[in-house]
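Notes to accompany the following structure.
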Amino acid sequence: MNIAPRTRAAVLSEALPHLQKFSGHVIVVKYGGNALAESTDDAMEVFARDIALLRAVGMKPVVVHGGGPQISALMDRLGKQATFHEGLRVTDAETMEIVSMVLLGTVNPMLVSLINTAGASAAGVSGKDVGLFQCVQRDPALGFVGDIVNVNPVAVQGLLDDGVVPVVATLGTDEKGQSYNINADTAASALAVALKATKILFLTDVAGVLRSHDDVGSIISTLTEPEAMELQAAGVITGGMIPKVESCLHAVKGGVGAAHILDGRVAHVTLLELLTDAGVGTMFIPDEAIR
Amino acid sequence: MNIAPRTRAAVLSEALPHLQKFSGHVIVVKYGGNALAESTDDAMEVFARDIALLRAVGMKPVVVHGGGPQISALMDRLGKQATFHEGLRVTDAETMEIVSMVLLGTVNPMLVSLINTAGASAAGVSGKDVGLFQCVQRDPALGFVGDIVNVNPVAVQGLLDDGVVPVVATLGTDEKGQSYNINADTAASALAVALKATKILFLTDVAGVLRSHDDVGSIISTLTEPEAMELQAAGVITGGMIPKVESCLHAVKGGVGAAHILDGRVAHVTLLELLTDAGVGTMFIPDEAIR
Amino acid sequence: MNIAPRTRAAVLSEALPHLQKFSGHVIVVKYGGNALAESTDDAMEVFARDIALLRAVGMKPVVVHGGGPQISALMDRLGKQATFHEGLRVTDAETMEIVSMVLLGTVNPMLVSLINTAGASAAGVSGKDVGLFQCVQRDPALGFVGDIVNVNPVAVQGLLDDGVVPVVATLGTDEKGQSYNINADTAASALAVALKATKILFLTDVAGVLRSHDDVGSIISTLTEPEAMELQAAGVITGGMIPKVESCLHAVKGGVGAAHILDGRVAHVTLLELLTDAGVGTMFIPDEAIR
Amino acid sequence: MNIAPRTRAAVLSEALPHLQKFSGHVIVVKYGGNALAESTDDAMEVFARDIALLRAVGMKPVVVHGGGPQISALMDRLGKQATFHEGLRVTDAETMEIVSMVLLGTVNPMLVSLINTAGASAAGVSGKDVGLFQCVQRDPALGFVGDIVNVNPVAVQGLLDDGVVPVVATLGTDEKGQSYNINADTAASALAVALKATKILFLTDVAGVLRSHDDVGSIISTLTEPEAMELQAAGVITGGMIPKVESCLHAVKGGVGAAHILDGRVAHVTLLELLTDAGVGTMFIPDEAIR
Amino acid sequence: MNIAPRTRAAVLSEALPHLQKFSGHVIVVKYGGNALAESTDDAMEVFARDIALLRAVGMKPVVVHGGGPQISALMDRLGKQATFHEGLRVTDAETMEIVSMVLLGTVNPMLVSLINTAGASAAGVSGKDVGLFQCVQRDPALGFVGDIVNVNPVAVQGLLDDGVVPVVATLGTDEKGQSYNINADTAASALAVALKATKILFLTDVAGVLRSHDDVGSIISTLTEPEAMELQAAGVITGGMIPKVESCLHAVKGGVGAAHILDGRVAHVTLLELLTDAGVGTMFIPDEAIR
Amino acid sequence: MNIAPRTRAAVLSEALPHLQKFSGHVIVVKYGGNALAESTDDAMEVFARDIALLRAVGMKPVVVHGGGPQISALMDRLGKQATFHEGLRVTDAETMEIVSMVLLGTVNPMLVSLINTAGASAAGVSGKDVGLFQCVQRDPALGFVGDIVNVNPVAVQGLLDDGVVPVVATLGTDEKGQSYNINADTAASALAVALKATKILFLTDVAGVLRSHDDVGSIISTLTEPEAMELQAAGVITGGMIPKVESCLHAVKGGVGAAHILDGRVAHVTLLELLTDAGVGTMFIPDEAIR
């Protein structure tokens, strides 16, 4: 941007309290498959540079990603028909292999590359490495769909201690080494709790929780658990927003300082949230934080 | 096996000098795509348990793998035609994505799972993590085929220091983050040199270097560089064996104590080589080692 | 032994779960004076190599020894008459000096030498070093016979941390620096508790606890404290076995995972117990372990 | 400043390469007495916040200060007449005490306070602490005017390692504990060399080295030693600028990456230099750096 | 002194139990402004050598000083009139600056020099460094007179860990960086508590607490809190002794092992107290210590 | 001793430069068998307290001992006839066992006890522990008499690092674990070199090197190698003094700062040498030290 140097210096100076507040803190950033799918190459580069910046100013960002739309695309290319059971994708062995190929072989290395190219050191982590996401099968009718029963964050922690940005692909494993398809929001939230993160940011393709469905102006900036429960009962939080809200609440109940639903399509949304006074998206905080 | 306990105890006791010799040493094991393709599930489990054993007795094994046959299989499934230029596979962007999906999404997590299930801690490492295999393009006519120009082993070293078994997928990256298809034997050899490994074992689908082409009894157990050169000039080392021999020589010239070509189809071949007096396969040693 | 390499490899492979189970764990091995006295030079070398093997595969063995028969032998040579009070040897100043000369000057350096020669690093530790076994006098009528009131394991711990095998001579000291003759089984047990050992093995000259006095086939493989008490009340555990059983129970009550009475005359008995599925000797476990 | 959040985010993002370049590097900032004297309270706060920002983004800033005008002011208040010898202030015992009171008792705690208030941790360091600036007397006729013969930076290094910003008062000491008045520019330069600093910034009350004396537009942005020598011979560098240039050259000859003469009266001048592409002041670089 | 070498050796030998008792312990020594004012240069050198000796034999001495008489002297020189409110000095901005100049610019560097010259490594610490003494204003009518509300001893602790003797000037700071005049005895006591010191010695210009006002022979050698309270009620402890006694009691109630009021004019009084059996001054001990 | 407290304080104060000079330095003290044999119990306690004092004031003393007279005494008791070959004791297997019993079982634990009782932490070290003194046989006709070919000081160094006083018994070992009788002076000197000691003190039963055989007043206080050679050629250094002088010269040629021959019968002779200005015994210094 064409901005005068002294304006640049002033902006940097005014970021000081934000920088001091989060220095050395773990920040988990969930970059959703939908956000990815809708991002241009440039937008993904901006995201990667933002992550590199968080690292450069002393935070410890962890990127977690899924890849739903990308999985569907490869299934199509391979002529594999998706089937559903009670609204959930049935994951047979072939589907599981496709999930693994997409998450570990396509999405993960792309994000690693972008962050490395932005000047930070990134490394991919599979949810199977050193038993990161340990799972049990949810329901035989769903095939290899797993529920996380334990998180072993040592590999991620080791990378953080070495100054590396971990990029985590959300698949799980059981004791026998079988791979499982897991929900990426849930996994990100569980990892944030295990890492005692200060914040978790969910980068989605919506602006946040809206009071009126189609009115972006009705965005709710802060929510505690009882308030979120109430809104759900009142039918304000519905559909695909419900699992995201639940992941946020799981995180803050597990000790994470705050959880945010942000619009991943907005340029520099992570910087806006972490390094400026701008109010963006919806923030979930522990009940006691408002007392 | 049905073996008397006191025989077992005697065997363990007699392994003592071997255990003491390699304790704390880095051992790179290249598990070839062909060896993988011809292995039964049981054979791969045996391999994984051997690696876990090396770790359990205090060595630092590093597994490096390629995946040629598996890549071809996925190209077939996706109806992608392979093309060749001077005998080398032309790697366009789509092929590169397939390579990435197979190495990172199929072969790597399978090996990680097997080693974890054998009771060790394994973690996958991509050649793109923290710039592990830094490449330049070999020839525009070949597309994304890369030559390694630098190895940054910090991610692998970090895992070794934490007691984890690194499982390394051999793809490379350039400064812009572009992925490259690289030769797995060359990559394993370069990594062994960077890690100052004591040994590198190439697990292949042949018995070793044979003096007479079809006579397994004519296997040559030890070779120095001048001897290997001579045999190549004499037409004894030919075809697919040439690049393997060159990788072995590159390793020992780079400071690795010894390089071995072993038959990966033989059960427990790594244990035979490292923990018994049995002479198996062909060993390459530095020239000065025989003086 | 003349065993085929592939059988050797299979045996090593099958030891994997045992190796993983005890890696990094402290294992105290009490080598009794009687076992020593009845051992040939070869048998002692085998013992030393077994200890070196435990160290080589990542365990932290600690050898504790007494020297009753060797003390009696030197008293004979010096023409010193032994006297007893209520069945215990009266230890006057001259006897105490003989005890010290035998334990520290004969038995201890012999074991240190054998283990060093087997390729491990061993160092002798006197119970007087840095106040390892702090004692009070039991009964003036017995002279310098001591009861342990405190264990300071820092010297032993320091050696373990440096990868050295401590070989501990069981004599004690009081605050004034006076030496005391102490029971070696009791001392080994107290040290195992202080080191939070996983196991303590008592190598004796009997097969274990027998249900019928002369019938080796009647050996009891596992005992908890109440069962041991019952057997003692029933007159099954008698005589010299009583203090050994008490040392075992003291260890497991103090937090040691299991205590074993083993026949030190059986070759490789420590390996049989620790690295094979063979049931040898009698194992004492905490009461709660069987619930 | 009233700047849109997304502009702020863009500015932060564009600072990334600068942040990455100096992360973990030692930056010595000499804040001159003249710059101090001409600064308003607000300007000094801005300076302190800039230093806190450098620390917050991972650099290791060290502030070095003198206090000439402030010393003169206190001498006036105390009715002490200044005397000069060949242009240098004669420093008798009373003058030395005044120097000490001003540097350690007035200027130093003021800077420490301002930086602490900006959210960083600052601590004052006297040049006498742990023998930081070891001196000999220059000339008896000058009294306690010292030349630095050794720098012991351990106290400063210790603070840097603990994340603290050292604020260094430039007085020296000899072996007998006598205090000396020393040149602050020289001391800053010697400290930068001892700390192997990446950069030293001299904040003065001029714009930099000018080709034409009164023409700020004629500022020279980069100089090597031979060029500086030539300009001095040509009479372009004169008067009070000579010692500053010599301190710059001393630093880069001693291994400091670059030395800068900057106008301390410009708001955020340290940020402009370190975190933007703006060319401000004059930079001295080692001769070899331009080859 | 002219003492025979073998007598010297005997004296050193007999100091052994004292040396062993305090090795590695933190000893806070408050050197009062009055003691300083009445000390000859030689006496201060003796004090500094004693501190260096404590460090040399393994203790961790911390020197804390005030400077009341020296402050009054500078005020006189500057023609500044002192005013009082309810017996306390009103500290306006100019007075605060004088306090700062004297403590940081005169007294502190003098003590640092003397201890450095005695062969130890000393460094000055201001109560403002890294928020050492955090204050609030006591009473607006008194100006910048502060009460300590928090002690952050990390800078002092860091120096102790590096083998340096911290010399602490007792002024405080609030969150806005404003300096405060604080009571030096109170500050020393608060620092001793924060450092978990073993002892605090107050070097004053009196012999200790006397039972009869003018009779040095009536000195009380040991006091607990209830006894001190009683003596105060009985009018035995009066005037300037009251705040000193309160600082002693504050220290021992805060966990310091013992607090001593000693006559700083007696040569080597710190050595007499710490390294000989001589009973000097008055010692305050926790109530439970005498049970 | 009946010495006034203020005299005690003065003596301690005057020891300061000596304490500072040797703080943290390794000091090897060889306590000879003859010195031991002629010492009363009280004298040995004094020696032990002196060692504890060196440790308490921050030095790192290492005690090395032999036991010639004590070995002869036990041989007598056991009716073992000593035989000699060219003036050296022939050491058969039985003699070697007696040497081991005396050094490790009698002398070593006695010294360990005395030092522990003096309030330091001491631990015995055998020359066989972790291959401390590695030997070869000197001459088959002498039996197990060894010459040191390598010193592995890690066990001794480990104790020093933990604040423990090592007490070293001088016997050696070869690769097969065979024990050897070695010269204690030579061993002490070799250990001092391996530990990079600052000083080695040989406590003997003579006053030092005398210019006139029977005249203690003719003691030579300082010698360099050429001077010592000259005195030997001139017949001034003769008999049993020759090997001691050679051990001293070996030490200083190997990098030890100074070697001293002292009279171990003089009370506190180690303190006299290390902590006072008294000139006692003969000091050997490197040739270059006098330039």
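By written order: A, B, C, D, E and F. Residues from 1 in each chain.
One rule holds in what follows: a contact is a pair of C-beta atoms (placed from the backbone, for glycine too) under 8 Å apart; a residue touches a chain by one contact, two chains touch by 3 or more.
Keep in mind that this is a model prediction, so the values were computed, not measured.
Annotation of subunit E and subunit F: not jointly contacted by any chain, touch as defined at the top. Under the touch definition stated at the top, subunit B and subunit F share these contacting partners: C. Chain copies subunit B and subunit C are related through a rotation whose angle, from the C-alpha fit, is 180° to the nearest 5. Seen from the C-alpha centroid of subunit C, the farthest chain centroid is that of D. Placing every chain at the mean of its C-alpha atoms, the farthest one from subunit F is found to be A.
As a whole-number value, the distance joining the C-alpha centres of subunit D and subunit E reads 35 Å. Averaging C-alpha coordinates per chain places the centre of subunit D 56 Å away from that of subunit F.
Among all residues of subunit F, none touch two or more other chains. Starting from subunit C and moving next to subunit F, the ring of contacting chains follows the order C, F, E, D, A, B.
Across the interface of their complex, subunit F is touched by residues 77-78, 97, 100-106, 108-109, 112-114, 116-117, 121-126, 128-131, 154-155, 158-159, 162, 164, 171, 173, 175-179 of subunit C. Taken in their complex, subunit C has these residues touching subunit B: 1, 3, 5-17, 19-20, 23, 46, 49-50, 52-53, 56-58, 118-120, 267-268, 271-272, 275-278.
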